[in-house]
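The structures come next, written out as structure tokens.
Note that subunit A is present in both complexes that follow, paired respectively with subunit B and with subunit C.
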Partner chain A sequence: MAFDQQKVLLFGVAAAVRLLLFTAFPSLPNLLTGRVEISTPVTSFKRLQEGVFLYTHNVSPYDGGVFHQAPLLLPLFSLLPNPAFHPFATNLLYTVVDLLGANALMQIAESWQSAAPRLFKSSRKDLRWSSIAIGAGFLFNPFTITTCIARPTSALTNLFILISMAKASQGAGATFVLALSFASYLAMHPILLFPPLLLLCYDARATKTKSTPPLLTFAVVHVLALAAALGGLLYLSALLMGSWEFLAATYGVRLLLPDLTPNVGLWWYFFTEMFDSFREFFLGVFWLHVVSYVPGLTIRLRKQPLFVATTLTGIFAVFTPYPSIADGTLYLSLVPLFRHLFPLMRYTFLASSTILYASFIGPAFYYLWIYAGSGNANFFYAITLVWSLGLSVIVGDSLYAALRDELDVERPELRGKEVKRI
Partner chain B sequence: MRSFLPLLFFNYLIAFASAASDYYERLLLRPLPRSALLASFNFRSNESSASFDQQHFRYFPRSLGQILQHAGTKELHLRFSLGRWDAESWGQQPWDGAREGGTGVELWAWLEALSEEEAFARWLTLTNALSGLFCASLNFIDATKTIRPVMSFQPEGDHHNSSSLHLLHGTLPHEVVCTENLTPFLKLLPCKGKAGISSLLDGHKLFDASWQTMAIDVRPICGQDGTHCVLEMEQTVDMVLDIDRSKRPRDNPIPRPLPIEEIACDTSKHYNAEDTCYPLDKSAEPPWNLTDIFGRSLKGACPLTDEDGEGAKTVCINTPPERIIQANTTGQYVETRLASDTVRCYKLPTGADFDIDLPEQQMTTGLVLASPPLFAARSINGHGQERGSIQAVIRNPSFTDSVEFVYLESLPWFMKPYLHTLQARVDTSPSNPIKETYYRPAVDRHRGTHLELCMAIPPASTLTLTYDFEKAILRYTEYPPDANRGFDVAPAVIRLLSPGSSGKQGVYVRTTSLLLPLPTPDFSMPYNVIILTSTVMALGFGNIFNLLVRRFVGADEVQTMGAGGLQGVLRGRITRLRAKFTTG
Partner chain C sequence: MALISTLLALRRDPRILKLPPYLSALCILVGVVWLLVLPLNEYSRNTYVSENALLPGQVHTYFTGSEHNIFRAYRHEVAALVDTSVQERTQRLGDIFRSSNLKVATQKYEYHASGRNISNQNVYAILHGPRADATEAIVLIGAWRNMADEVNHSGVALVLTLARYFKRWSLWSKDIIFLVSGDSTSGPQAWVDAYHDSYSPASIEPLSIKSGALQGAVAIDYPAGPWGHRYDKLHVVYDGVNGQLPNLDLFNTAVSIASGQMGIGCTLQRMWKHDDSYQERLQTMLRGMISQGLGHASGPHSSFIPYHVDAITLQTVGNGWHDEMSLGRTVESLFRSLNNLLEHLHQSFFFYLLMQANRFVSIGTYLPSAMLIAVNFTITSIALWVQSGRGVSTPNPASATPKASPDSKTSKPDSMTAAEKSGAIALIPTTSLAITERKLFLPLAFILASHFLGLLPLYIFNNTSEPYLGLAFNTITAVTTSLPVLTALLLSKFLCPTEQETTLIQCFSLLLLGMYLSALATLNFSLSFLVGIFASPLTFVRSLAPQTPPTTQSPQIPPSFVSKNRKSLSATMVILLVLLNPLVVIRAATLYWGATIVEVLVQAAEGWHVWGLWTQVVVWLVWWPAWFAGSVVVAGGLFA
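== the complex of A and B ==
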């Protein structure tokens, strides 16, 4: 089958590129692991190695300030041979993670939930890219490749988010809940994707079975399932570690931001410069701010739950405490699903040039601050502002396009005309 | 050609004099190469346990005694140090390094407590009280600077109920030791710097030394049968003075070049001329006397020292027998020669100044300096303010004995070591030198890293220990005022297990402290950062919620400012209001 041949070719080339980069430049993985743009304190591969080292030497990795990642990663990575001497197994794992992520992304594209969900048929729904093109956009995105080479655990989180979206858009409730609970277990904030994905799953199920089960029962069942899955994972972790202290060291660190290592997000410099007496207040405000998008978007865009989930990943890439370009790459890979919105977007050039500008100048300014000493922290801070601004422009602009698209269906007479917001 | 006599460095002289009397003091002078002079002051006062418990203090200072009782301290070791012991030229440290401290302040103590929490509370009491007593910032030894060493320290005293004893150790590498610490130190002495060898201690010279360390050690010592316990307090000051530098007069301290006629020139140099000179190394021992190099005169014996016996020999000098030494005093003194004449000791006159004068002398014999058991150096590798690695190079100079030792690191929490990158290599053997590891990782803002490694070096080998670390960025209020200077990292402590010492004191070697530069934020603009970040967030939030809460209508369906300007808007409002009233 020609289609499958294309897919095999795509995956083969993508895997070959990754493995070639791993083997041809053996120092590249460690170099990229050290980049603050890719590795954050809660996802860094070097910190994971330290955690595995302490775990295999019977020191609790959570009784320290270095390791802040989920406990179940420890037995997984302790099974692999030491990446300092035999890196191939780890490299292969991360390549496979990327391929599985691309596969899930292609499943989302094939489900066509982006342009034609149950309750809404976009007037431009035939404007779309093939799933191969979307998969290639993910696999050959330079951000994805650098993320894969740097091996942060956010690659795993991204995989589970993509799988949960794919399963939700196929209406497979159990696997969706399981994948989302894994993603939330690893990174905590993906749990905020649950409301839109639950609606997506409900819509997909309703389309498939041609009957609408009561939404409330559906929601209750899935909430209970999610709670059970998460509870099971946490209980398993506690059994593994022998205590619950990992909660404070993993989720507590994400909530309270004790480690102010620079990253591409907005939090680290804000809380470096924050007055001590206001620290807790602003932590609360910032988290509330992130959470506030979930109900707003889910209610307003009830008819397009996949778009809500996509927009939320974009918001996470900007407004969570420890974002990295891995979060940005997840959002940027999901945006091409909404090819039909592109003609309605107004600031495409501005946003893409901002993102490109930040990606090129960011490492240079970081170098000026940390190594050359000819710049100060404000240089890198300014670039993180630009990066965040660029991503939030895309988020806002695509949201405008989605709403405008809905308007075109509701009031076809306004199509192509100038509109106002009141 | 100089011949070398074996140097018998005589810690033993001090060892057998213990417990003989309640107060004992001794100054040992030892000329070192390149016109350096080691001066070791040792003071010891005993108090029987019974009278200590009844708060009956005679030689033991009441101020310190009450602090120890209040904080439940059974054994105390306090060090104030400056400079670096240059083991390559000066040989083995005095007291085998057991009375040496890391740069800054180092404190360790065995406290009696039922639980770890109680021990820590008492530790805080102790550090705060000592801080007041010694005018030092010891109160800054908090949980982040305190560790509980496992292998590196052993109690020196006799403790019978050692189960409830807790060892705590804290360092302040940034502390600058100075005169305000010496004054309270001297006040603890029974003669208070007015008489005896302590009258030589002057802050101007002590803190101008190339290396100096002041130590206070309090420990209980019991007889063979476990009774007749005494509490012994030992105060030690060791300093290495540069004789030329010390002899400069205080009113004219700036060194000035000698006139060229007074310098012996190396005429073999091709550029040697009337006005250019390469000075020859002086082979003669420089002339000095006590008053010149200490800046004060020795005010005779402290009346509390013994009248005769070992305890009476208060000033000793360790030189080759041929060195001419002239004692200058108006009172009566006694000179004794020990250890095949390489040590000369003097019993001081009471109530009269005493000085020894050593003229310039061309020597034909010299003393062999004992080699230290280990040479240790530690440095930070890498550049940039993001990460680096520590490299410790430890060399065993002995050709016959392998050395087993414990290496202790106490790192601040903002320096995050990666233990999986820890590597130890010995250049002569491929086997792993690490026998045992104790590691307690740091927790941000709560405690520092504590690493103890038990290692062994084969004879004539060098061990290289490396590990990577990452530097944390701190909140801007956590930086000191001179943030770009960097942060001090406490010296590593090395304790030799074998060959160890005969006594309980142990053999120690310390590295220097390190300066760790951290990335700094811009301290001038907290408001700007708050405003700019909030602006970006407001742009995102405002944009998105503006779209979410409003609805779209056609541009021609709404009245705008465009048609009639402000007037038009107002007219529209009025029309709408009127319509409301007329319908309502």
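== the complex of A and C ==
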């Protein structure tokens, strides 16, 4: 019971911090909602409110070209009282979303899939943090708290990604597919997590029960289930909206990047500078680049599917068209699951200082560009490059550590020796 | 390849760890010297007007003759209003504007800061430009009282006269707003806040009439009484709140019109006498930096700059032969130039240091100096991080002086590890190969707590009423001075931080300081530089904990000077750091400039509540926590 008490205490404090920030600084949510680092055109709470307003007045929310989020969010948020006057329900919803996310994260930690999956036992698997510590790392991460206060819908996407990971690592196939289909329905790119999570789910199932179906059958069943779930969600949306035009306004925007509002990612600046005739070509190249990580990592690190999924979230936080710090915070909360890799990582200090510096200088440069008028777009873009550099250093460094960890198990005689890339 | 392996071999060399303090010292030295060479001809530039549309001094000015009589009449009108109530004064000034066929409105404001009640009334009039479509406007300000709290007789009279005069011209392609604000700081702030709809209705009234986007603002500060006073020079004041500056083109236009067209000398930063020597240039620049670093409002124009409205104040100084009409003509010519603008001032620099009315350095030239100061903290913090991972310190195996006893030869097999690389074998001290896990919890919690602790004095100083401010300052000075020693005592009693944890506390504190200062340098160069200079000793102080008990392998190492005088050295450093306590520094600065501490604190609190001043946040959440962490680390040496 002592364990549960700790969990209750953790969740209580985390909820109290969030609700206190909401109530003590009533102008803070609106301030943060306007920050480009947190709210992107496809996740912003402000745009969601605009969509809800149009929806409740029986106008198609996608007509104005402002709202680019999934249609099923509309009935959900139109049920809540107007956040301009009665923000408590919305605040509570986002607090609960964070707590559920932390709960899912703790389930992943307890499943032991990070250090000791079915096919691979890390030689350092005893080096791990308790699930309480990992949950606290998620709940008290300043980026998570800021995201929660700013209320972008990426908080919901993160929740569904975490749940699908948790369910996959428990081997619960149905809930995993359902959660992942929700995440992909909301944000599209999480569907790329399907291959590694499918393997994770298969491994977890195989560890639990002795008789498992062959991988191919398992995969086909789950692919069909995912297609059915996604199809169902999309059909429900079409019923709700009365037409299929929402597809172009939501997934079309995510794919084709018509809205070039600055964000912490790398795409917007490129595409403001791009000649129009090359636009389609580079869109293709940029997307191909993001997608290409999925098969490569899944095949190379077949033995550690959870690590592949984690690394992919890190890659999404850098290379998707509309990333925000919410994507970064998802990755940074998943990394502590791999505590056993930390002794092998070489640039933790460098990477964390880079992220720290970027998160302070970024708003300063944005201020110089937009408000003071004394800087320009290059200032902010330079800092988003630094932010992405910090994240990619962690991605690269942890990949190195994971490979090294595998090498240590395969070739114990090489332990502690310098390795060279050939 | 050879180079890479040399570099990799260097990485393990313990001498590398000896380098950072010298590197940091070099950074600070270069940073300061960099600043000192800026006034030289080779590093600064002559000012020039970048925006072609401004055409300064190209128009003939007609503000002469009979306007002088009207000005004298208005000056007497103004003088008659000095002893009347605010309401009556506003009424009368409004009537005068109305008699020139202008739309008039008033605005009441009431702020509370340090238990004082700042309330007054603004009155303003709008001249609709005959060729304008009410999308752009320029502002002419005459504050009722200037920064020295004198009644701005001639300034207000000149605004009234110019309003009447400008109304007769048909060439204005922008609206002109004439603002007579109740005072020099909060009045313009209330007005400009309300103009941009960002105000709390509790303290200020909304504006009933408005015009378009503000393109520029010029304030006149001419406190000569009803019988006039001939002045010598124009003092151009340009610092905005939080150290923001107006576009350099506006300043250049004003200087070139005043000195080129009207023959009035211009001066800045209270340098009444300036003969362009190195010393005077440097002094001007340093005064500019201090003013920018403090970030306080320096005139009625200051409140406009945060809204990206370029603004300056023209102040008359000295005894000479220039009269009010030449000031009027200067303003007329300046407004004709601003009237020409096709777009917002953007061509010239927003970040600059001026060292004379026509000499400046731009950000590209001076920024490295503050950045170098900030980088010095980052270098030391990286070094401390590496050091904290190295575990027990080892004697330098490469040092030529065999300090270690002959015994060390025999102990070599234990303490050394053979590393083989392409056939060559190297002996490396085992200790420098071992990876030490860092215990991060205590250092991180300490740093976090010290930042939160800084909120307390920030709150107290901003919300104490005036009579108690002096007492509050003295109490907090005493508390903060003794707090590091007490904290170190408590820490060593209850938590017994290891040497590694102490190192990490300093590492994180310096890392954050370096980060804050480099971000701040892009916003307010001077503040970042000043804080960096005062915090620079924190780079060089260390906790002098007793060396780990000598191992059996080298018992004969004679105790060094440092370990013999550990306590006294620690005590010296603690005393040195007490002198660098932000509060002590502020007290010393007020003594040097002859200001009283209460005055400064009242200004700061007004700045916090009214102008949106951020300087105290930097002091309490950047400078003070860094000083506190450094002092606790050093004081730890007393009790270890």
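In the analysis below, the second predicted complex is superposed on the first by the 420 of 422 C-alpha atoms of A that agree within 3 Å, B and C clash if a C-alpha of one lies under 4 Å from a C-alpha of the other, contacts with A are read in each partner's own complex, and residues count from 1 in each chain.
Please note the rule applied: contacts are C-beta pairs under 8 Å (C-beta built on N, C-alpha and C of every residue); 3 or more make two chains touch, one makes a residue touch a chain.
All values derive from a computational prediction rather than experimental measurement.
*Asks:* Between subunit B (first) and subunit C (second), which, if any, makes contact with A:210: first, second, both or neither?
*Replies:* neither
*Asks:* More residues of subunit A are touched by which partner: subunit B or subunit C?
*Replies:* Counting residues of subunit A touched by each partner, the higher count goes to B.
*Asks:* After lining up the shared chain so the two structures overlap, which partner does A:360 touch, if you call subunit B first and subunit C second: first, second, both or neither?
*Replies:* Only subunit C; A:360 stays clear of subunit B.
*Asks:* Please work out whether A:349 is in contact with subunit B alone, subunit C alone, both, or neither, and reply first, second, both or neither.
*Replies:* Only subunit C; A:349 stays clear of subunit B.
*Asks:* Counting only touches as set out at the top, which of subunit B and subunit C does A:400 meet: first, second, both, neither?
*Replies:* Only subunit B is touched by A:400; subunit C is not.
*Asks:* In the superposed arrangement, which partner chain does A:368 touch: subunit B (first), subunit C (second), both, or neither?
*Replies:* A:368 contacts subunit C only, not subunit B.
*Asks:* Which partner does A:258 contact after superposing on A: first (subunit B), second (subunit C), both, neither?
*Replies:* The first partner, subunit B, only.
*Asks:* Considering each complex separately, which residues of subunit A are in contact with subunit B in the first and with subunit C in the second?
*Replies:* 371, 418
*Asks:* Which residues, counting only subunit B, touch subunit A once they are in their complex?
*Replies:* The contact residues of subunit B facing subunit A are 383-387, 413, 416, 418-420, 437, 439-445, 470, 472-477, 519-522, 525-526, 529-530, 532-533, 536-537, 539-541, 543-558, 560.
*Asks:* With touch defined as at the start, can you tell me which subunit C residues reach subunit A in the complex?
*Replies:* These residues of subunit C touch subunit A: 244, 308, 344, 346, 350-351, 378, 382, 385, 421, 435, 437, 511-512, 515-516, 518-520, 522-523.
*Asks:* Over in the complex, which subunit A residues touch subunit C? Could you list them?
*Replies:* Checking each residue of subunit A against subunit C gives 343, 349, 353, 356-357, 360-361, 364-365, 367-368, 371-375, 379, 418.
*Asks:* Could you pull out which subunit A residues touch subunit B in their complex?
*Replies:* Touching subunit B: residues 34, 36, 46, 49-50, 52-54, 57, 59, 63-66, 84, 258-262, 266, 268-276, 289, 292-293, 296-297, 300, 315, 318-319, 369-371, 376-378, 381, 385, 388-389, 392, 395-396, 399-400, 403-404, 407, 411, 414, 417-422 of subunit A.
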